[in-house]
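What follows is chain A paired twice: with chain B in the first complex and chain C in the second.
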Partner chain A sequence: MIRAAPASAGLLAGEARAAALARLVRALELVLVPAAALLLAAGLFALFLLALGRSPGQFFELVWRGAFASFFSWQNTLQRAAPLILAALCVALPARAGLLVIGGEGALVLGGFTAAAIAIPFLGLLPAPLLLLLMALVATATGAAWIGFAGWLRQARGVNETIATLLLTYIAIATMNFFVEGPLRDPASANKPSTLPIGRETMIGPIPGTEVHWGLAAGLFACFAAWILATRTTTGFALSVVGGNARAALAQGLPVGRLVLLATGLGGAAAGLAGFFEVAAIHGQANASLAAGYGFTAILVSFLARHHPLAIPPVAILFGGLAAAGGLVQRRMGLPDATMLVLQGILFVTLLAAETLRGRLPLSGLAGTSGGSPAR
Partner chain B sequence: MSESELAIVLGAMVGGAIRVSTPFLFVALGEMLTERGGRINLGLEGILVLGAMGAYAVSYHTGSPWLGVAAAAGCGLALGLLHGLLCSLPRVNDIAIGIALMMLGTGLAFFFGKPYIQPTAERLPSIPLGGWIEDPRLARALEVNPLFLLGVLLAVFLYWALGRTRPGLVLRVTGDSTAAARALGIPVTPVRVLATAIGGAMAGIGGAFLSLYYPGSWNEGLSSGQGLMAVALVIFARWHPLRCLWAALLFGAAGAIGPALQSIGISQGYYFFNAAPYVLTLLVMIASARSGRARIDAPGELALVR
Partner chain C sequence: MSTALAAALATAAHRGAAAALRAPKLEVAGMSKRFGSLQALDKVDLLVRPGTVHALLGENGAGKSTLVKCIMGFYRADEGSVVLDDREVAIASPRDARALGIGMVYQHFTLVPSLTGAENLVIARADTPLVIDWRRERERLEAFLARMPLQVPLDRRAGELAAGEKQKLELLKLLYLDQRFLILDEPTSVLTPDEALEVLGFVRRMAREGAVSVLLITHKFREVQAFADEVTILRRGRRVGGGAVGELSTDTMAALMVGERQTAPGSRGDRAPGPPGPVALELAGLVAEGDRGALALDGVNLEVRAREIVGVAGVSGNGQKELVECLFGQRPLRDGRIFVKGEPFEPTREAFARFALRGLPEQPLENAAVRRLTVAENLALRSFDRPPLARGIWLDRKAIRARAKELIERYRIRPPDPDTPLEFLSGGNVQRTVLARELSEPVEVLVVANPCFGLDFASTADIRAEILAQRDRGAAVLLISEDLDEILELADRILVLSAGKIVHAVERAAADRTAIGRHMAGH
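For the complex of A and B:
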């Protein structure tokens, strides 16, 4: 008895040390693996440029200057990161519940379109802030209903949500095109069919002191809120139980159907909000520019963030920066605008493939087995 | 609508359905083959676009459109192989890799395709099945492209090969149950990689059709998402090669009905016809999701249908 106490205390201290070491190793892995993948992707792209007789040094310097080197380029970067952040939540939140939603593009497009459409009858009747609020509400409600519908189909009918949301994306784009080129077309938009513009005076201004629109603030706030929801509330815990094992969750008496609806609805709302900001802060009207592919890039952003809400903004900013630097690279090096798409593709492929190294580095043995991501 | 107008609309629809359905047919057969092995490749869209560009460039430089078709198949084989190999790594998600490859393929196609937007390349010849008809508009509507015939043959061949040959059986076992395949000593991963690579080659040929036959030129807006739609098509066709053919024709007809109506002056509702295949597929999924039959048709290892 007397001798046992110090021994178990020593054992506890040893366990604490092992746990601390495990945390450290996991943190190291979290940084090292993506960093190595980034380097590998950069190396591959440098080879690609060398093969074409271009200077990789100049390219990467221009990317740095165009994306992150000055206040001006940061603004451009953040502007492009905003819709990615919001649309990535449309993947990350359902992923907590074990769903793989790839239809954020549809919710974004339809959210933006309904926001522009609801504004038309009230133009000049409502004060700008009220009108913007109405537009935002309609956009989030549309997005929530759109992706929530896929969640409901999954729950009620057993329809696979991945394919359903992909199909819904095309239905959303076709619906917008129909209205934009038909009943809601602004006769003045000759070359690019669009809805009536909501007007400069109604559009959302930038965050004071910058040229970045408020969508960035909304995105950061939404990520923070999603993080609180996912990790600090019982609902979030219930969601991850559903994501881990839906049958066990049912056996526990959790309202699985309602939780799935919540996750898909909130995700869709975030994507719809992204569409609202695209209309209210960038385009001023709804047209084909809304379907710019943010929703698809956001899927990969969420994957690279491992569906962690707080990891989404940095990843989105990285890819927003690449998009922002595209123009400069194009002008200075005379490379086609698709160059950035190639770089983005290589980056995504290497970073996603690098996931395989997680928990398998020589030092990972020290950390024991690390958990998998909640999505399949 | 007079009788001759009706004939023109019908003719335009049949001709249009065949034309529009050809790329669908190839991407659908490619995706079907991939999914029968138990994986899903969302990167076919990138393969389609890269194949279209590669085919156009090779046809332009060599003057032989058939070499272009071969080049497109080669592009598709390479990207499909990449997808197959990467997805063989543990913890790598095949849907995410598919989307990443979609971007990479599209990016490479746009990057190298810039110089080929202007010049005209040698196109694939067409086979005039409507040569005996007097109305030139109707006759033109019935010109059939050789790739469509090739696609029909491919569908029939795959139907035979999947059902009646040893490699077909190996693929089906691999797609239905990893455990059973392992027990039979089938090298599961190589089979899946091979199926994905060959499926990619087929999607590449679909791309060659776009740039070398219809619309018959290379530009960045060439594909209207046929590669992604393949996934829907295969579900619609419930993983059956011959049903892939009918489904492709149906999707093609839905895509052709808009232009056909436009040819006699009706231009409203065009986008609804474009969306019709997606709505239809969704309805089919809703109707069949809980039915036993769809379960039986779907490859057991395909996570998507569970």
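For the complex of A and C:
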């Protein structure tokens, strides 16, 4: 990412070198600021634990053990990271076009539900691969339409996409509940209303040699594809123009509305796909477990990754690890379920607060005035 | 702290005897203010006699705002003094001004939209108590309003009031706060003519009764003639004239405001190398709404020929911004058509490329560039999706950087590094980046809006030379500028845009600053 400035000829070389140094400093900041936020969050959370009379040391050790210490815990972690990776793209892709979408949960839930619902009439009629393909297509299309609708509302009607996607999430969950508890309920699901199971033989197996499902591979591939789209294609470039300055994009004749629809549609498709994997690889049917909050944690993931597609998987794995360790922490330390949410909340707040530090760290002084005074 | 306390005490002490307050006299002596290389104010004198309405007249950038901001304590003047009722006062902040009874009504409203009129008046007090006794406040307010010849609904939320009512509420607020020297900054710019009449009539009446003295910033001669007693005219930061309104004709004021021609006619060495070509850009009956929903463009017709610069002069807020936005697709047209070389033009990417229509909009960081993207990326905005910068759907990053390096060198953009985000460049270099992008390929139609606003002399000279060069190469140039000197220097034909219409058209050779100034001011 950081390339040394090529030595341009003549008197400008010095100036170019100074500009390259300034760039290096900014890149350093890109890493240092979130890292500092993570440390601060860890410190604050330690205080929280101390106030509860628990040992922070034990907590961090348990998280390490539960999330990353063994092959088993790694599998657990990756299993949980998979939907986070896909759902985080539902924040990161619209963010490239300057939209703040926080309703990936709705697209995930509805994608999972429609995947399960479309499978019902074809159970036993279609071979498993074909049925899975159909389910995946329906799930992505549903997710794309759901978030794309919010994008359309924003372009055509000026509705704030953040609020719209948040509220659409409630509608999505309620819609699923309506069908799962009503018309599409499997009579055999007595305690937990669910749709008809698609059956073990149809469900996606794990990646060979592991217990991690293929959703992880799909997520990694989707992030890579998103990165290629964003940085290597003309469409990705156009998206970053729209996201950086929509007025300038209009003045350049870019089809801003279409680009916003594309970004929201692709993001929704990724979240829908996450829902598909939850149904096809984990639950085998649609029920309230689909709304497990992955879509909301994914907002945090995308922000911490600064909406960079390649930074999403490692951050998602970090959060997957926290979730995986949750059970262990709960049992060993007698801490309630919500403890992990407290940690997530602290992380989010410190992260947003740290953003204001950008450009103000003392190390900016290194760059001197080489970049000229910022244009304001 | 002590100033605030003093202010609170003063206001409280005065409240009982509000009716007895007299209109103050305010004198400004030798006030100067410099911003970098720009002398915004140059030894300006001003005398506002008690109980009068004093108009401050001048073009945009003449120094009116700087002067009142110095009086209000937003800026600290480099030299000069403010004398209030024969006592020199030091005003270091708007708080000090308020304690001295100097209040200002801004162009934009400062009311809290979700509060009622009454609530807005009460919370504006410097001594608002922690717990508000609304019944007592209400009685006090009603007693106050009973003395006022102007009524506004106190129970409706400020956000629901019409612009004129809001403006009246702003005025009442100042009076309620016992501010007796009122500075009104273009108070009628958002009002209908009837509302303007009522508001200014009220102000004049209050002055006549000896309750207030008023400094009225405006560039409408009509308002000066009808409501002001005296006038001071600024131009380029200097006081260039003034006196009793009755003794100055509109023509005289217009001439003073726009200044004398600084270069003799025809002295410009760079006339177009030949006669203008065929019509390249035609605007036919453009109608568009402004941000507030009122008509900002009301049937604009104009033609620009190849090898010709048409300058559109006008006071800011008369539709210039909207005109440029319509041309660049940032604002929908309600009616009318745009033609380029006789063909209908829609602001799509294909059309911009096909007709080679390029632009230098005002405030490039708002309209023409992306802060977060690098210089190289900003230089590629026009052509990133065409060869040689793209192959099919794939960007050629190498080609983008190579091209950027070439343009950076040719247009002397600093720092000479294609990978620096644009936000780290100075204003002049941002404008150079946009210029390099827009003008490095052949241009047939060029739309330019306030291209040199806020730039230093070197950048200004570069950019003007580039605009002339484009004209000489055969481009049709539409130059929209609030700087009349710029238009007189560059344009071959001059139009005046006023209230969304072209109200005046003149060839450069026959251009008369006084006439242009009068049309600009809405005469």
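The rule we apply is simple: the second predicted complex is superposed on the first by the 347 of 376 C-alpha atoms of A that agree within 3 Å, B and C clash if a C-alpha of one lies under 4 Å from a C-alpha of the other, contacts with A are read in each partner's own complex, and residues count from 1 in each chain.
Simple rule for what comes next: a contact is a pair of C-beta atoms (placed from the backbone, for glycine too) under 8 Å apart; a residue touches a chain by one contact, two chains touch by 3 or more.
Every value quoted in this text rests on a predicted model; they were computed, and no experiment measured them.
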First (chain B), second (chain C), both or neither touched by A:V342: first
Touching partner for A:A248 - first (chain B), second (chain C), both, neither: second
Touched partner set for A:L134, first chain B, second chain C, both or neither: neither
Touching both chain C and chain B, counted on chain A across the two superposed complexes: 372, 375
Chain B contact footprint on chain A (complex, rising order): 100, 102, 153, 157-160, 162-164, 166-168, 170-171, 174-175, 177-178, 181-182, 296-297, 299-300, 303, 336-346, 348-349, 352-353, 355-356, 358, 372, 375-376
Sites on chain B touched by chain A in the complex: 42, 46, 82, 86, 89-93, 95-97, 99-111, 113-114, 225, 228-229, 231-232, 235, 268-272, 274-275, 278-279, 281-282, 285-286, 289-290, 303-306
Residue ranges of chain C touching chain A (in the complex, touch as defined): 328-330, 347-353, 359, 361, 365-373, 377, 380-382, 384-385, 390, 393-395, 397, 405, 409, 414-417, 419-427, 429-430
Footprint of chain C on chain A - complex, ascending: 3, 5, 8, 12, 15-16, 18-20, 22-23, 26, 231-238, 240-241, 243-245, 247-248, 250-255, 370-375
